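Here come two complexes built around subunit A, the first alongside subunit B, the second alongside subunit C.
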Partner chain A sequence: MTTNNQEPNRIAEVVETTTTGFTAQCYELYGAPALGSLVRVGDPAVYAVVHNVTTAALDLGRRVMARGASEATEEAVYHNNPQISRLLATHIEALVVGHDVGDATKYRLPSSPPRIHGFVYCCDANEIAAFTDGLDYLHLLTSASTPAIDEVIAANLRLAAESHSDPDAFRIRAGKALAAELASDIARLNAILRGIS
Partner chain B sequence: MALDLYQTAAQLDAATAHVGNRGDERARNMDIALATLRGADAATLNARVDAAQGTLAFLPAEAVEDPGVTHSPGPLPDDFTVLAVDGSHIDVNRHLPLRCSLINIGGCRLTYGAAPNAHMFSKPSLRTSDTDLYLADPASSASRQPVEGALMGLVRAVQEADALADAVEEAGSDLPTLALIDGTLVLWELGGDRYPAYVRSQLMGNGMLAALGRLRTMAQQRTVAAASYISLPNSSEVSNLLRLALCDYDPMGDCQRHCRAFIPGDRHCDAVNEFTDRDLFSRTLAPGERSALFASRSSVVRDSYGDHRVHFFYVNVEEEIGRVEVPAWVADSPELLELTHTLVVDNARRGDGYPVVLQEAHEQAVVTGADREAFAAMVERALEGQRLPVYTSQKQRSKRMRYV
Partner chain C sequence: MSTNGNQSDPGKLMGGTPLGTVVGGSLSEGVEVKLNDDASVEDIPVGSYVVIQGETKRFFGMVNEVKLAATDARLRTTPANLTDPFVAEVLSGTAAYGTITVRPRLLLPMIAGSDVELAPARTVPAHFARASKASDADVAQVFGVEDDRHFAVGTPLDMEAVVCLDLKAFVERSNGVFGKSGTGKSFLTRLLLIGVLQSRLSSLLIFDMHDEYGWAGSDAERGRQVKGLKQLFPAQVAVFALDAEKSMGRPVKPDVMVEIGYGDIEPEDIMVLRETLNISEVAAESSYSLERHFGKGKWLKAFLELEGRDAIFELANDININTSALASFHSRLTNRFARLPFLVEKPSQDSVQALMDQLDKGNHVVLEFGRYGDDVPAYMLVANLLTRRIYARYRDRQMTESVENGKSTTPLSIVIEEAHRFLSPAVASQSTFGIIAREMRKYNVTLLVVDQRPSGIDPEVMSQIATKVCCLLDDDRDVDAVMTGTSGSRELRSVLAGLESRQQALIFGNAVPIPVAVRIRDYGTTDSYDSLMRTASRRSAGKKTATSIEDTPSPSDRSEPAEPQAAAGRKDDEDELFG
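And then the complex of A and B:
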């Protein structure tokens, strides 16, 4: 596993890509951003929301074995088996929610997916505030069929609210946008709204 | 179905029933063998082997210590490094459209202690030139041996030893270091007259011994031990040595004269003959302990290894009895010998019975069946890319496109 010391926000690299999302391998073991985080990849930027994080053996043919029966702490397992951190990898899966076209951000799928080996960056507060200024991307999230997507949406909006100067105003605006998307599914809407507040 | 497993199972049942019937006799023989091992005296047995030189029908070890002694591992250093190298290869295949082979050397370096670290690498080398594909006689360009089959395995073994020396050099660590190779240090196939002298000289003097020499030079400046590890060893050199303790013919050990007409099982030495060294030491070594030290008396070691004469001991790594081979300069140094023993036991414990550093070196080196198919396809694509004719055998084609 390589590490990236040049750009602190660069956290992963695309290893699998489709029109609607991508999987990226994190440079650091357990170095995934929080669930629901906004990340960007490529130039012009493609934006995506992290909806799943996996840590497993790099070689899928090798099962991870329990090694801690005689160790006092979890940390000791890693300390006494230095190869482990080279044999495991953390991957993030992200749903594409928009992309840049010139100076504008479009809340729809790009004409082609991000490239393999594309560098994945965690968006900073300014980028998050700018991207979530528009909320049309919620349509792509609410229509996604990935597991626990409602939890992902709520997590994304909680994180986004922190990047806005008036988080409460953002939450109200986001709630209204969600209500428009989920007008026919009040139970689902309420579940997400409870997750935001 | 290609292999009839029903028929095979029936044959297996018959075979295992026969083994089971011999249980009592085997237990009696084991008692005799263990008593012989525990009472064996190194000087007496070595003298008997020397006296019987040339008349033995088997290869005994030389006992450096009394064969029955055991040693516990030493204290684990606070900080240390364990390195290993392993190799795999794709042999020349006449069904491929290009005459070529590939050697993949994989390695792993693990540092334990205050600043634990791991480094892994693999280095494939494609072999397509004449110097890769043939070992030539420097004195006559007409004489050359194709590097394939057993010779390919020997070339790979030499490259592994060389890569191990490189890895120790690159590590540049002052920590006590154990450098391990998977398998044996002995290039058995170079014994006898199977290969001409120029092949032996290139693989032995300029190959294995040069690599061991580099490791010894480094060991003179810092604490570096070199060894090889054999899992589930099948050798019987110690067991053969004990046969000399049971032989009561005069002259002793003249197998051709005294035992030519005996049926195996009726000879005086047969009580130990049916056991491998592993069988014996699995009964005498406690977890973590090693056996006495022995030296190889094989002709290839005697004739070629010089200062690197291969010594060996057996070790109980809890899950099995392993065999550790070391060159003479490790065997002669109590510090390096104890370090080898201690770190092999420790690393096997971390690896659930097999040194974890060898496991990881193997994972870096292994060439899977899928890799081999991908390699064959890459060769074809590369030739097509150069607009060169691609012809593969009909056999190769039929294997790829199985049809009914």
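And then the complex of A and C:
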């Protein structure tokens, strides 16, 4: 695997895809974006939020063994066993939260999922600010059944806030949008709000 | 990329501050409006006006309930961490929000300002209709602008627009000013009287218990004197007085000193005083027997002149009345009436005729009671007696004139304070005031009752009171009495309860299109007089001026420094005036 120098934001490639989400293998071991990051894939773009990151053996039949009993540091383990980076891979799982239709962004599922081998890009600050200008995508996130989704939502909004010129105003706007989504579950709303503030 | 911001934009089309959207409700209970995030319940007092833009109609209504609600009931039991300002701000208006209930009352034209008759609202706006605070233009459209027929009484609470009374509707029927003691009833009544006086739609006869309306009144709150009607409209107001001693100490003397002859007092006048004087029914009814025995016009004097128990016992036997009842009746009347200086055997003039002369000229009469205002039986006796005789004249005249040429006389509004004493269920059937209140405008005589205990007024009379101007009332029974028969009384109660204790009133009934809580306009400052007089001069321009009371010589002329020549004999003046 090689790093793509021409496109620094290109971080992974789709290896498994469904209508609601996809799994992509990162080009670099441990090269996953932060939890809750907004990524895009394909053209026209499909947007997704990273909700899970896994690093494991590429060959599911070969279990990873402990190798550092005689090594002084963790770095030394990798240094002295260069094959490790070839045998392991980092995967990200992302939930689809919207897609482009012409010049507009729709906060709903695309009619067909991203293709296998689709390149996955990390969205830059401008893309994040533009996408999160609308907050209807929060409905797709809050209704997802993946584990610890509330943490993912909080992480996503924390990251998004940094891309906006007035992070506090964005946080409040997003909080109110969440409050509308979670009107009947005040405990869950509180938990997410704690994660944003 | 699309956005979901600026959701409140459509509301701005209506002019007033956007408040929220209709989410439910009914015509009878009012529609529920969920407030926008940026609209705080703290800024929307009960009683304020709201315009709701429906799909095809604009509704004008009044806020009658403000509520706090939460999307999740658990918010009550496990409040969020509100010490974090971020959480508090997010939750306010979303998970925890405010709602108001608006009772649609009128339909406004879709285009603000267009001259269309306002219709009562018979339906409600659809779901999600946008509600906004009524703009000044909306309020002006509902309550009119000050003109010949409309008198500005004040402004709605928290608004700058003017609320006008429809004076024509106001003088057509009996009205009431209610409020507990110290809430500014006299202050308010004085303003209403100025409005009626300026409009020339009705003559006024004011039984001024505490000398508030004639020459000068008091502004207890600011501790100053304010001008009475006579000072503002000297040519149209005649001051009659009962208390010679007090009136003579003033710079300007009353126009007429009122004296009542014993012969003028009829058994009916005594019946009205039965409760106030604590006389038994048997004793009070003996006055009819006394009248038969001694003769009409002579009975009271003859009865009061009786001395000694034997004479009374003898009389009791003669007219077949219980002796002790008659004896106690005698002592009550003697105690009360023998020491009233205005009660005389032979009055020097006919006060009723003098009153009628003034009213016929289109003038207004204030009868000042001076010190006798605190003597409730004296006040009731004089008010009832004069009213009975004036009412009889109006009735006779109305009957003759309407038969002769269909012309009606100038309407008369009689102002009484402590009205519950004249209009209690036990007395209302007998007192002239009760008759006037019930028969209403048939004979062109109506009442303006001023009272602090409306619960003491006969419900039948209360039901005839067309426009009610209500200051703060504490007692539930009083509130019940005022609200009886009013649609939407439940909501009006909360508005009434929310009034400040001074200078605020709830007005509902004939003279206003919808109930309105008003901050009463200022009175007592130079500016306030100027503003009132400007209206007066605007109104009188182009109108035929009523005959000034100075057109005929009167006793007051003598006291005007500008007219020293009027110092001629007072008796002559009176003879000329009263014939």
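Couple of notes before you dig in:
By definition in this document, the second predicted complex is superposed on the first by the 196 of 197 C-alpha atoms of A that agree within 3 Å, B and C clash if a C-alpha of one lies under 4 Å from a C-alpha of the other, contacts with A are read in each partner's own complex, and residues count from 1 in each chain.
Rule of thumb we're sticking to: a contact is a pair of C-beta atoms (placed from the backbone, for glycine too) under 8 Å apart; a residue touches a chain by one contact, two chains touch by 3 or more.
All of these numbers come straight from a predicted model, not from anything done at the bench.
When both complexes are superposed on subunit A, subunit B and subunit C fit side by side without a clash. Contacts of A:80 after superposition on the shared chain: subunit B is touched, whereas subunit C is not. By the touch criterion defined above, A:194 reaches subunit C but does not reach subunit B. Applying the stated contact rule after C-alpha superposition, one finds that A:172 touches subunit C and leaves subunit B untouched.
For subunit A, the partner touching the most residues, choosing from subunit B and subunit C, is C.
Touch criterion not met for A:115: it reaches neither subunit B nor subunit C. When both complexes are overlaid on chain A, the residue A:59 reaches subunit B alone and has no touch with subunit C. When the two complexes are laid on top of each other via chain A, the two nearest Cα atoms from subunit B and subunit C are 45 angstrom apart.
Touching subunit C in their complex are the following residues of subunit A: 104-106, 130-131, 133-136, 168, 171-173, 175-180, 182-187, 189-190, 193-194, 196-197. Put simply, subunit B touches subunit A in their complex at residues 108, 110-112, 116-120, 350, 352, 356, 360, 363. Contact residues on subunit A toward subunit B in their complex (touch as defined above): 59, 62, 65, 78-83, 85-87.
Residues of subunit C that touch subunit A in their complex: 1-5, 37, 70-72, 74-75, 78, 80-81, 84, 86-87, 89-91, 93-95.
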